[in-house]
Every structure is written in C-alpha cells, then in structure tokens.
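These are the structures, in structure tokens.
Paired with chain B in one complex and with chain C in the other, chain A is shared by the two complexes that follow.
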Partner chain A sequence: MSTTAITTPSRLRVPRWAAPAGIVVLFAAAYLVFRDTGTLPHDKSAPQFLAITDLREWIDDHRNSNPLFLYFLNYIRIFVGSVYTAFQSVLYALGWPGLIGVMGALAWLAGGWRIALPAVAGVGSFGVLGLWQSSVDTLALVAASVLLSLAIGIPLGVWAGLSRGARKAITPVLDVMQIMPTFAYLAPLVLFFHIGAPAGAIATMIYSIPPAIRITALAIEQVSPTAVEASASLGATGRQTLFKVYLPLARSTMALAVNQTIMMALSMVVIANLISAPGLGGDIIRGLSRAQVGIMLPAGIAIVVMAVLLDRMMVALARKDPHSWIGRARFIGAAALAIAGLALTPLLPAEWPDGWTVNFVVQVNDAVHWAETSWYGVTTFVKDVTTSLLLNPLEGLLTSAPWWLIAAAALLLAWRVSGLRPALTALGCLLAIALLGVWEHAMQTLTTVAVAVLVTLAIGLLLGVAAARSSRYSAVQRPILDAAQTMPAFVYLLPALALFETTRFTAIFASVIYAVPPVVRLVEDGIRAVPATVVEAAASAGSTPGQLLWKVQLPMARRAILLAANQGIVMTLAMVVVGGLVGAGALGYDVVVGFSQRTDFGMGFIAGIATVLLGVMLDRITQGADRRPSPQRRKTT
Partner chain B sequence: MKIRLLAGLLALGLAAAGCGGAKVEEPAGSAAPQAQGSASSAGTVKIAINPWVGYEASANVVAYLLKNELHYDVQLPEIKEQLAWEGFETGDVDVIIENWGHPDLVKKFIDEKKVAQSAGSTGNKGVIGWYVPKWMADKYPDITDYKHLNKYAGLFKTSESGGKGQLLDGDPSYVTNDEALVKNLKLNFKVVTGGSEAALLKSATQAQEQQKALLFYFWTPHWLFDKVDLVRVNLPAYTAGCDADAKKVACDYAELDLDKIVSKKFADTGGKAYDLVKNFNWTNEDQNAVANDMTNGGMTGEQAAKKWIEANTAKWQAWIPK
Partner chain C sequence: MGVSPDSAAIDVNGLWKIFGPKAERVLKCDDKYLEPTALREKTGCTAAVRDVSFEVRPGEVFVVMGLSGSGKSTLVRCLTRLIEPSAGEIRIDGEDIGRATPARLREIRRHRVSMVFQHFGLLPHRRVIDNVAYGLEIQGAAKAVRHARAGEILSLVGLEGHADAYPDQLSGGMQQRVGLARALAVDPQVMLFDEPFSALDPLIRRDMQAEVIRLHREVGKTMVFITHDLSEALKLGERIAIMRAGSIVQLGTPEELVGAPADDYVADFVRDVPRSHVLTLRWICRPPEPGEPLDGPVLPVGTVIKDAIGATSSSSRPIRVIDGDELAGVVDRVDMLTFLSGQDSAAAVRAGA
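Right after this comes the complex of A and B.
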C-alpha cells in the first residue's frame, strides 16, 4: 500500500494527518516563494504549431498522388459514403407515409402497439415540425454509422471481454477516442476524408464505437464463470460456448451497448454537420448563427424524439424473452401498418404537405427574450459569484504557479490515490503538455473541467441514488435523462449564452447538463445491481435505510460509481471544446480555431492532443484507485 | 443479410472507383440521391452557407431564382469559410456567394490547385471594424479614437478579460486581425471570442438596452445598424499593403469588394446556373432588407427571398441569362 510510503513511523506519535498537512504547507510555501516564476505563457506562433500546419499543407497538396490516399483512405471514404447513400435511397424511396408505416411496424414487432403508437406519432412529428427531409438525412446518417460501429465494435468488445490482454491493448485506445474532443479530430478527418456525408459518418463512428466496445466487453466479463465452466465441462467448443453461453447471457447488457451507440451517434449529429454532413444539425447551426432558439428548438425536439423512439424500441427488444416467438397478432398488426404506409405513398403528395406543419419560431423567440430580460439579475449573480469565488482564484493559482510545482503536486496526488505507476503516467502527460507548448491553456482548461466535474458528480450521485431507491422516480427521470443526453449540446448553448453571456460559466453549465445523465444512469444501475439477497440480509439484520445505503449499497456499487466518475470526466472534457465556442477559451477554443482557420491548424491539432493528455492524467489520478492491482492479485496473474 | 448487402456495396464501390486508385474528385462517394429529383430538373447547384445572416440572404435569393426561374435543384450545406473552399475540390461545394478576401485561399485553390475561380463582385462593399454603442460615444466623445481606448479599458472589463478591457470577437472562422492589432497598438485589451454572430448580436443589443459598455468586432453590410446605434472606433487608417504581414498589422481593415467564388467545374459545366451566379449583383441595402426579414421577421430564408424577389422584379430579371 502506498499509504505506508508517506506515513511517519508510529513511534513518534505524530497524528495521521500530519504528513499530508505538512506536504500541503510545504507546497503552499513553495507557491508563495516561486509564484510567477517558471510559468509557461502561450505563444500562438510556436515553431511546433507552424511545423504541423506546414505538414497539413503538404498532405493537402499530395492528396491525389500519394498511394496511402489512392489505395486506402479514399476507398474507406467511398465505402462509408455508399453505405450512407444506400440507407438514404431506401428511406427516401419509402416516401413519408411508407417510412411512418415501416417504423411503426418495426416498433410493433419490437414491443407491441404500446411502442408502435408513439413511433408512428414520433416519425410523423418530423413532418409536423417541418423538418422531414433533414430528419430522414439524419436517420440515414445515424443508421449508417451505428451499423458500421456495431460491425466493428461488437466483435472487438467480445474479444476484449474474453481476453485480458486484448482489453489491456484496447482500453487506452478507447480512452483516447472518447477523450479526444470531437472538434479535435474533425480537422485531421477533413484532411484524410474531406468533407461531406462520408466524413460525417466516420466522425460519428469514432465517437460511437467506444461505448459499443466497452459495454460489450463488460457484458461478456459479467457472464458468470460457473456457467462458462459448466459449459466447458460438458464438452462445448469455444465457439459453442461463445454463441450458446456468453452471448445469450450477455444479451441484455449488450442491448445497452447498442442503445448507447445510437445515443452517441445522435449526439454527434450537430458536430458532424460542421464538416458538411447533411441532416438536422444544419438547422441547429443556423439557429446558433442567427441567435434564435426558435430555429434550433424544432430540430432539437426532432433529435430527442428520434432518440427516445430508438431507445424505447431497443429497450423493448432487450426485455423480450429470446425464446418466445413473435405472436401472430403482433405480426399481423405490424404487417398491416407497414403495408398501409407503403400503399399510401403513391396516393399522397411526395413531399410532406405545407399545411400540416406547425411553426412556432416567433413564440419561442419571444419566450426566450422574456426569460433573458426578467431573469437577468439572478443569473448574473450566480455567474459572478461562481466566477469570482471559484473559477478565478483556481485559475489564478494554476497559471501563476511554476510548472514543476504543479507537476510535483500531480505526481504526489496520483501516487497517494492510485499508486506509483499511474502517477508516473500522469506526470508524463503533464510534462508532454509542457513540451507541446500549451501549458497555460491546459491549466485554464483544467480549472474549468475541475469545477464542472465536481458539480456533475455531486448532482449525478444525488439523482442516481434517488432513482435507485424509487422505481417510480426513476420512471419519471428516465425520459428526461434521455432527452438531456441526446439533445445536442448546441441547443443548451443558446439559452445558456443568453443567461450567462460568453463566459466560462456558460461552458460549465452546458458541460454539467451534458455529463450528468450517464453518471446518474451508471450510479443507478450500479446500486440496483447489488444482489437483492445481500440487501435483504442487511435489512433483516436491522440496518436502517441510511445504513443500507452507506454501508452496503454504495460500497458494493463502488466499481460502477468509479466508472461513472470516469465517464463524467471524459464527457466534461468533450464538452470543454464545445465550450470553446461560448467563451470557455483555452484548449477548447484553440481546437475550434485550428479547425476553422487554416493558419492555426497546428495549434488546434496540438491543443487536441493536449486535451487527451489532460484527460488521461485525470483518469489516472481518479480511477487508479480501482485499477491498482493489489499485491495478491498481481501474484496470481 | 446485412453483411451480404455491405459486401455488395463494397464491391460496387471498388468497381466504381476502378483499379487505378480513388481520387477525391471522382464523385462516386459524394453523389447523393436527389430527394425530390424531378425529371425536369436542370441539375443540382450546391451553395455553401457561411455562418452570418447577410451571406445567407444572398445565398437564398440566388437559390430561389435558380429553383423557380431556371428549375435547378439547390442544396445549401452549412460550411464555414475555409472548409467551404475545400469543398470545391471534392465537389461538395459549387458556389461561395460572398467571399471576404482570403488571399491565402485564393492563392491555394485558384492559383495553385486551379479548382476554383472568381465569378465577379456581388456589388456589396464589406468593411470590418471595431464598434461601441452610441451611448458610449455620446458620454465619452474621445472613445472613438483608438489612442484613448486604454484610458477607458476599465469600463470594458468583464469576468473573462483577465483584468484588461474586453474586445469581443465573433465566430472563430471569421477574418480577423484583432489579436495582432491589440498587441501592435499596445492596447490594454484582451480579445474574447464570443464564438458566433449570435453572441455579437446579443451583446450589442444588451449594450444598447441596458447601457452596458461594449467594444466589439463587427462588419457592414449588416441589418443590426438599423436596430442598434453603433459608432465605429477609428484605428490607424488603412494603406495598401499595411496588412501584408498578419503578425505586424497595425492598421484598420480594408474595404473589401465582396466577390463570388465558384468551382472550376461549375464554371465550365454549370450552364445557365453559372451565368445567373455570375450576373448576381445587388446593394448593401438589398441584402440588409432580406437579412432583416430572416432574423427579425420570423421568415425562413426562402420566404424572405421570395418577398424581396416579388418586390424587385426589375433588378433580378437583369441577372437571368437569356
């Protein structure tokens, strides 16, 4: 245990807290002495930035002569593009009544008329909102990227679940894929795959594959070893064990993987639009550049409706008993719905009729304007207090302290929490950030992330515990979480922008909304997964509900909660870049600039890498506690 | 089943691309099916939409005429300035309807790669500058000279400007020299990027309604000047070539003759659509009227374009190729 490394010998009778306190005092003193020395201010035209910009220009010039492009990258682009085009052609060929009918029929098959009815209403609402064409484009893009993500993600996930070595090799790659802010890889993506729908689908896939792999691996891992052993002792081959034991037993968790993949893909819709992928994102970007929530809201609603719809269908599918045959009544109902829809296609106008749309742009804009003007006092107060009491002092501290002092503090903290190896990784990340020349901005981003993560975890734990303890509350909360998770971050930005102006606080606000839902979900699932027998045993032994929570449920759900913390950090970091658009500045903004100004490409690229390093560092500091192999375990493996 | 479909698609893709490797200009991957591709359509024109409303106004008017007078299909993908130029190469963009200079991109895509060319002026004069709300200019008359800005820096301080005055910029993709200007004119200000045209509009409106201090990057033509009284801050006058070195700029922005850029392919094969784009030419007032209807009149781009077109028949008829 590393704690022994810093506790003083007990013979001296020094209290336990003395050593940490002493170290804190030492650091405070060092800070006061060396303040404002050894800082690494940002230089926009550092040579390493310019070198990467030049490299990009070079690649751009050789796009059509380099074999890597001619025989590899361009084919990927063409392949992904043709999958998208295939989906798009089929969806358009169905016509709008046909698509409504077919989606309704699929929902009926998945979960009966209770799902089919909302599905018909939901798909119809795309037309009512006046967004039929963009919605179909988005649906095609999501379908193409989810299909390809699962085709890659599920086999990899199964492999990672079965083999420890594979998991070790894949995990860091997944960390990087998830922590890498989406903007940061848009720029290299544009370089390799150009703009348009194929590039958009690839960008979406990078974002939506990791949950597919991670959750599938988790599902396989959780399959009870007794079942596997039983199967093996009965003489099943590896293949039989995989298909007859692992996959069926992991089925419901794997449905969660599919679900998460769809949700991730939907949340990329807007960002993919920045590289000219078609769909609902365009309406949201337009609303943002015209300062109108009224334009953004219908598109936001359409995305949420799509998410809730697909989510419900997947959940219904996951809950269904795999051995039961689809009832005849259900089959007939579904077929009738599909045929009715398809039959109506030639009869009704080819485009959704104008008279059937509802336009509420003006009303929404008025409501937003009212809120802005009448809540101005409160929101300004909240923002100013948080900024001056929390953000500014922390940022001042981090940017005025010498770099070596911060590195030493990170090393000691990580060592204490997670052990030596993660601590060295964390230190390596920090030093790399310093070498890359983005130290100052990394410290500013760290401030924003730290504050946002704290708020996110506090809210997430509270809501997760509440949901785990009351099924009724959980049922109310679930659709709200779905909405919050899939509502493109940009939709929050505008009201947030109106209420809090272009400040770091706005970015924190948006990050928290974005990162809370998965934290709540993971906490809830973790607590619910505590075996009922254990809970009953504790209850019958006379535990109060409070004791049950603190002594049994939370400790047993520790793994899930740590995963939630890790996810919270990952998602907050992802949002930091989006926050760059509304004043969060620092690394996020560098990435945005690198993406939109050719001459700053190198700076943006490096800022993207620095964000990943920052994420890995935070990850090693926080989740190391769980990953640290105890001496016993290390011996056995 | 799905796997077989994928395999088939892969084979098709490979076959379509031929054996000589796939180049990006080949449209195999980007050819999207037309949603309402009627048999009578004369073709498809893709006009990039850059993120400011004046641009959108021009694009929508041209799109409306292409659709309703020349019977083309029109796509309006949202792409920022620099990326849109790359779209000329892939075929994702045919037209940029309002280009603000961009000498580096002109060099790269027109002179070197030869995938784009200019299609003449839009008739709009574009000027970028620094502005303050009129109430500030009334209260502090000498604030409109950059030399006195440092005296008032304290007024512009915000929670984001780190103790200095705040100069609010717009979308990160916009043309700007502001960082260099602040540094070279030795101003005690920090450039804070609002992130979008929206952020600038909100701040400017609040600055007028609530008498808040604001110094910000803005440009004409823009409808905002009809709603909010703004006064331009005078920077050292522009002289030809004073902005040649982006790091050493210490002069005001030049007045730009905004022009249209089209892909080489569109210029060669665009037929009447290209002629219409080439002929398109209107005034700042025309653009402001359409942009204002779009932002404040609750109209879609198409509705606002229709309104202007119905009221200005003589103007647009001159653009229609014979």
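Right after this comes the complex of A and C.
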C-alpha cells in the first residue's frame, strides 16, 4: 500500500509543470483503466469498529475500578455535574415568576427597559410554548458550560495574548477544535465521561472554548502598546499592568468573547442531547429523527429566543458607555422587577399553568404537510435535478475510483493550491480514513459537501457582489445576516426538513442556508475593502461596471473570497454531518447510529474521527490559498 | 552648572541595540560595523543603536534629534530598559542600570526616571486624576495622598478643573499635559520625553514647548528630549545630539551645531536655520586691527547676533565684544553685513576681515 502512495506522486511530479489539462487527462485515463478496482466498500462489522465497541464495553465495566477513571475522569464528571446541578437548583428555586423577574432585571441593568421588556416576554414564552422545564434545564446547562468555558478560556486567552510562545502553542489546537464537526467528539466523550448532563456540558465546553480564548487573546493584543509601555515606565509590576491596563482596556472586546461563547454553547447543548444531555435538545432531536417539524418547532423557537435574548443583553453590556455608571433609575427599575418576580413566586402555582400554554404541534405538522404536497412539484424538481446532475455522478465517480487515485488527486490539488506541507497533511488524512475502514462513507459525505459548497459559493458570491455594489441592498441584507449568524446551526434543518423531508438533499439545503451568510459577508467585505483610489482609477480609464468587477474588484478581493470558500467548506461539513439525522446518510448517519445502538458504537466513533480527518483535509487543501498562518477570523466574525 | 562630569545624571557608554534573530552573534563579530542595509542583507538584523556614548548633566535639557528610523526612540527606551540594550553601560546617578534586578529597576522607574510618550499612553478607562495618580497608585500610595498630589500637579500643568474628565474628552494638547502631569507626579529626578509633541498641531506644539521650558525652570528636572524637529531641538536643548542610522554624528550646543556642523549630514540639517538667531557674537568677532578705535559700545560674547544688529548699526565705532572682563574681539557694521548676507561661513568672515 505504501509503495503506491509514494510512487504515484513522484511519477506525477513532472506533469505538475505541464498544462493542468494533461494531468486531468492522465487522471481520467487512470480512472477508466482502474475503475472499480481498489475501492474500499463499507463493512458494518469491520474489525476496527468492533475493537472500539469492545473498548467501550470494557470501559463501562471498569469505570469504577480503573484508577484513571476513579481518581481523575470521574472527578471531572462529578465536578461539572455539580456545577450544572447548582445552576439548575437555583433556577428552579427562583420559580417561574422569579426567573422571569431576575432575567428581566439583569437585562434592565445591561441595557435599560428596551432590553428588559423583550427579556420578560422571551422568558415568558418558554412557558407559553409549554417548554418551561426543558428551557430551564437548557439555561442551566448553558450557564454551567459557559461559566466553566470562561474560567478556562479567559486565563488561557490572556496568556496567549501576552506571550507569543503561548499563542504559537495554542493556535493549532484551537484550529483543530474549530474545524472539528460537533458530532465528532461526542463519542470519545462518552468513552471518558459516560452520558448525561456532565458529558453534555463538557462537549459544549470543548465547542465554546475556542472563541473565548481566541477573542480574549485578540482583545489583549489590541491593547495600546503605548499604554502598556507607559505603565511599565512608571515601574508597574507585570501583575499591576495586567489588572490595571490590559484587562480594563480589553473589557469591551472580551464581552464579545463571552457573547460568542454563549452563542456557541447554545447551539451545542442541543446536539449534546445525543449523549443524553437534558433540555430543549430532546424535542429537537426527536422531531428531527421522526421528521416531524411540529415537535421541533416550539423547541427551536425557544432556543432562538434564548439566543437572541442573551445576545442582546451581552451586546448592550459591551456597548455600554465605559465612563458612565449604572444610573440610579436603571438600578431601581431592575430591582423592582426582580423583587416583583420573586414576590410572586410563592403566590402563583409552582408549575407553569397548563392553561397558559399554546400547543400547535398538529397545526404545524398540517402546514408542513400542506407545503410538502402543494410545493411538491418545485421541491422535487430542484431535488431531482441536483441529485441526478450533480450528486449521483460525483458520488459514482468518487466511490468507483480506486482509493489511491483519489489520494493522488487530493495530494496534487493541495500541493498546487497550498504547498507541500498542507498537501502531505491532506494525504495523511485520506490515508487514515482508508485505514479506518470508512472510505466509502467518507466519499459519500465528500460528495454532499462538494455539492453544497458549490451551491453555497455560487449564492454567496452573487449576494456578496450585489451587496458590495448597492449600499441600499446591503443595508437590507445586513440585519438578516446578523440574525442568521446568531442562530444555532440545527435551526436551519427545520425549513429544510419541512420542504424536502428526509433525503440527502435536505442536508445540502440546510448547510447552504447555514453557510451562505458568512460567505456573503466575507465576499462583501472583501470587495468593499478594495481601495477607492484603485476603483476610481479604473473608472477614470473608462471601465464599464462589469469590467470593473471582473478585472479589478474580484481579483483584488481574491483573498477574502478564498477565505470565504474555506469557511464555507468547514461550515458545510459540520452541517452535512448533522444532516445525518435527516437522511444525509454516510458518516453523519453512522455517528447517530453509533449513539443509539450500542453494538454500532465503534462505527460511530470512527465515523466521527473520519469527519474530523475530512475537515482537516478540506481545510488544508483550501487554507493555503491565501497563505494565512491561521484561520483567525473563522467563526469569530 | 558647574558640576563635574563624574556626577552626571545619566552616563551612557558604548550602547548597542541590535534587533533580529542573531543579534548576539552579530554583536560579537565585526558585522556590527556594516552599513544598515548591508547588515540587514547579510544577517537579517537591524542595528537601531550603534555604539552611542554621552552623558547628561544634572538639571540639563539634553535633546536627541534625528529623522525617523535613526534609533532615537530605541535609545531613550534603552535608558530604563523598556527595551533591553544589547551591549553597553548605562548609569543613572552612578547606578548601573544594566545590572539592576527587575525589582530594583522597578524602583528606579517608580521614583527616579519617568517618561512622556508620543502617543500619550493614557488609560482611557480612568479619569484624568486617576491617570495622573497612576504612578503613585502602583507604588501603593493611599487614595487621598495620591489624589492630593495629582491635584497639585494638574494645576502645575494648567489642567485644574479637568480632574474628573476622561482622556478622550480632552484635546490632544490637553491629553499630553496629562501625560506630562503623570510623569511629574512621581517627582522623578530625570524625565524622558519621546517625541512628546509630534502628534500635536503646530500652535499647540509651541504652547507645549513653552510649557516644558517653564516647567524646567520651575522644577529643574534633568530632561532627555527626543525629537525629529530641529527648531524644537534648538529651542529646548542646552546640548543636542544628532543621530543618524543609530550613531551620534554630532553632539554639541545649538551654536556649535549651526556654526560648525561636523559633516555634510548635519550641515544639510541646519542649512535652513536662520544663523543669526542661533549664533552669538563669539562666531563673528575678530581681533581688533591696529589703529582701530576701541571705545565703542560693549556687548557680552554670548549675545545672539540678531540682538546685536541694532547696537552695531547705530554705532559708528566697532562694538567691543567681551568675555567676562577680557576683550574677545570687535565687530563692526561691515562684519555684520557680511555675515547677514549669508554666503560665507563664520570662518570665512574672519579670514576675509
């Protein structure tokens, strides 16, 4: 196996300098000759899978006797679990009127009554939707994981911001954490931390720590060096400079880090339900797996409300005038609200009254059914055209070609776009996927990702260019993009599921609407960043708007567009994997099955690893394109 | 000032600062004497300060002047090791700064040497009074004590009434007054100014220069002042060091720089300076010729030439220029006109006379 891996690239080293067409022809010929040889079909009971399944059985048997678990991992689990329980019992102790009052008061302190009013309504809506208990569980889980994430993330971020060495050490780890599709690390966590709320909180932490670290580091780096120097010149110790200069000056950017951490946590707690974390995720996952939009819609709304609410509060806090203290009026208003809520708690029923809830599962399901039947023509047409023109041929190609040919193609492509080191990494990932025994499913997932990325980039470029050229259009589009980017990922599965039922196309549709907003934004910003003088010069030379776009703006925005492609790919992959829940099949489905069937745990575990490898590979292939050392802005934009 | 060089406030000897990956190695071999571009090509290092030596007398205003990139800002930061020097010796009040432990260095920065920065370096989240009190705060002074002191200093720099404002509510000139006050508040012996006024517009800059002159008169600190502005250097400096590519090319009084530039670089620099505003009668007086009347008006040798024009033109006899009690020479109308016409150097004037 290794001989072919080495000889193939060296044989192709010469034509790298020849016209790319020659290479394509060569590959086409190789494909025709070797078709259906060297494929690696999927085997549900491959020895690798069984080994992992056995490992889990062994760990479950020895969880309470092995010293590693007994003295270390179990303590982490107990600690995280107790933080969660503490939050949960406090939130429940407040009672529902108390919680509404306290949340409203916090919002009032953060941003005045304009934020407090929606906060009261929003928290109340959890009850109206009939989801009070799961909402409170979710809130407690988010609070616990955000608190712990920040407790770890902010010190690390400060350290990374102060020390170049620390930053160099931390950045690659963060990169990997961020391109890891969320599904991937659930299975290993189950191995180490069992299932339930603690494991869910830990999964959420892993997902939400990177932005906390990254933005904190950025905030610290941005602190004016003169202020730091001035402090040092007056003889401040490192500690004094940290607490009197760095942290106060980085405050408002660090509030964004907190905000981002909360948003990430909110979208992860839902997925964490796959490993039995409590909360709203239960309804959503149940709705997804039964393809019933009616079940998941209320929970989806509750999550979005929660996200918007917390986002507004944090943004208001970050924007607060740093010089002004909290006004007395604001303080009194907040206190009154909190006290009113708490005072009502003993008077009103302990549970949210049933009469105050609205149940619309049936109506929603009917409406979805109506949409499915009446738009059947359109949706089926879109689905079938994409499937027969793009999905099937590509999938046929990738699954019938010999694995070494695909590896060679990936190596060459990555080498050409990003250079030798990323190419070797990409090759390594592909070989690992082959060794893990998930080649065929990985190729199927790759197909879905490729098609989704293609569509995403096409739409993203179109909208981005349109927004860059018309400020008025951009003004309309911006708030929509902003809203779209605060929404948790799986919310996008809702409309996709409503329109396309459970098919491969559903995942594609969902990932396209998930990944388009950041792509649009990056493209628009890239084009707008083209210096006005250059545009003016081109216009004064008599360029038509079209020439201006093709010859000046797009080429000069190349870096931004490539970054958009890179980000689009990473986001799409994450979504396609989640799409395994709604019929996308392949790796995502393997992961989900791994959680529901104990005997398939090994397959799910390995499928999770394969998605990471796939993500790293795609990232390496595309990231070198703009030669940026690290994907700084990813997910933090 | 009548102080012997032994008790110099700052004594710098053979100071080097080389930036780059192989700074240590460059310093050990002769590469360090290469021209800046050649050095960068060969080693990838930049020599920002090259073998600089000078001393600053107590109470003196010492100006370091140079264009951007000449290493002057690096030099001033090396003095308190805000930038760690690569080689050389720095003594402040006789104490070897290079050997100071971090704690001792902090003590020196807290009590002996303070600095004013080009971009102010104020803390935007603190009120003006807390900015000024910052140095005292990190020394551990109680709030009442440090606020009282900060209040005094604020009125010294003309900012009474702005104590509760935030830095971003003040104009650039006022912000720099806060920077000045912060440096003064710790009552240092030495103040370092790193291009403090180059971010200000010209009128404000003139006010601030006057302010520094006034403060120097009132508080009598030793000052090291970095600038790229020649007129500022001439206005403030008792002695000026001109830096180019990391080295000092000439060190002297304003008069020496303008009257006798050490090389073409300095000459080029000072060419547009109105010489009659800087040079004194010492530069144009000549020995009296035989038979010349020596009963004209008397002026001291340190008189700036432009101030002597009136006396020279209203007297038909040569002016007697005296240095203390001794006659240093004479100057008559012709000498004055020849000098003012400007083509000739002082030496040529004397030679032609």
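We take it that the second predicted complex is superposed on the first by the 449 of 637 C-alpha atoms of A that agree within 3 Å, B and C clash if a C-alpha of one lies under 4 Å from a C-alpha of the other, contacts with A are read in each partner's own complex, and residues count from 1 in each chain.
Keep this in mind: a contact is a pair of C-beta atoms (placed from the backbone, for glycine too) under 8 Å apart; a residue touches a chain by one contact, two chains touch by 3 or more.
In this text the structure is predicted, and so the values were computed from the model without any measurement.
Using the contact criterion defined above for the overlaid structures, shared-chain residue A:145 touches neither chain B nor chain C, since it reaches no partner. Within the superposed three-chain model, A:82 lies in touch with chain B and out of touch with chain C [touch as defined at top]. In the superposed model, A:292 lies in contact with chain B only, and not with chain C.
By the touch criterion defined above, A:598 lies against chain B but remains apart from chain C after alignment on the C-alpha atoms of chain A. By the touch criterion stated above, A:236 is placed in contact with chain C alone, chain B being left untouched. Contact with neither chain B nor chain C is seen for A:125 once the two complexes are overlaid on the shared chain. The partner that reaches more residues of chain A, of the two candidates chain B and chain C, is B.
Contacts from chain B toward chain A in the complex involve residues 2, 5-6, 9-10, 12-14, 16-17, 20-25, 28-33, 35-36, 49, 51-53, 56, 77-83, 86-87, 89-90, 92-93, 104-105, 112, 158-160, 168, 171-173, 179, 192-199, 201-203, 209-210, 246-247, 294-295, 298. Those residues of chain C whose C-beta lies close enough to touch chain A in the complex are 77, 80, 82, 105-111, 113-115, 117-126, 134-135, 137-139, 166, 179, 182, 186, 192. Of all residues in chain A, those touching chain B in their complex are 44-45, 61, 63-64, 67, 69-71, 74-75, 77-83, 85-86, 88-89, 92, 133, 136, 147, 151, 190, 194-198, 273-276, 278, 281-282, 285-286, 288-292, 294, 350-351, 361-362, 365, 373, 376, 383-384, 387-388, 392, 494, 497-498, 501-505, 580-583, 585, 589, 592-593, 595-599. Of all residues in chain A, those touching chain C in their complex are 224, 226-237, 240, 244-245, 248-249, 251, 322-323.
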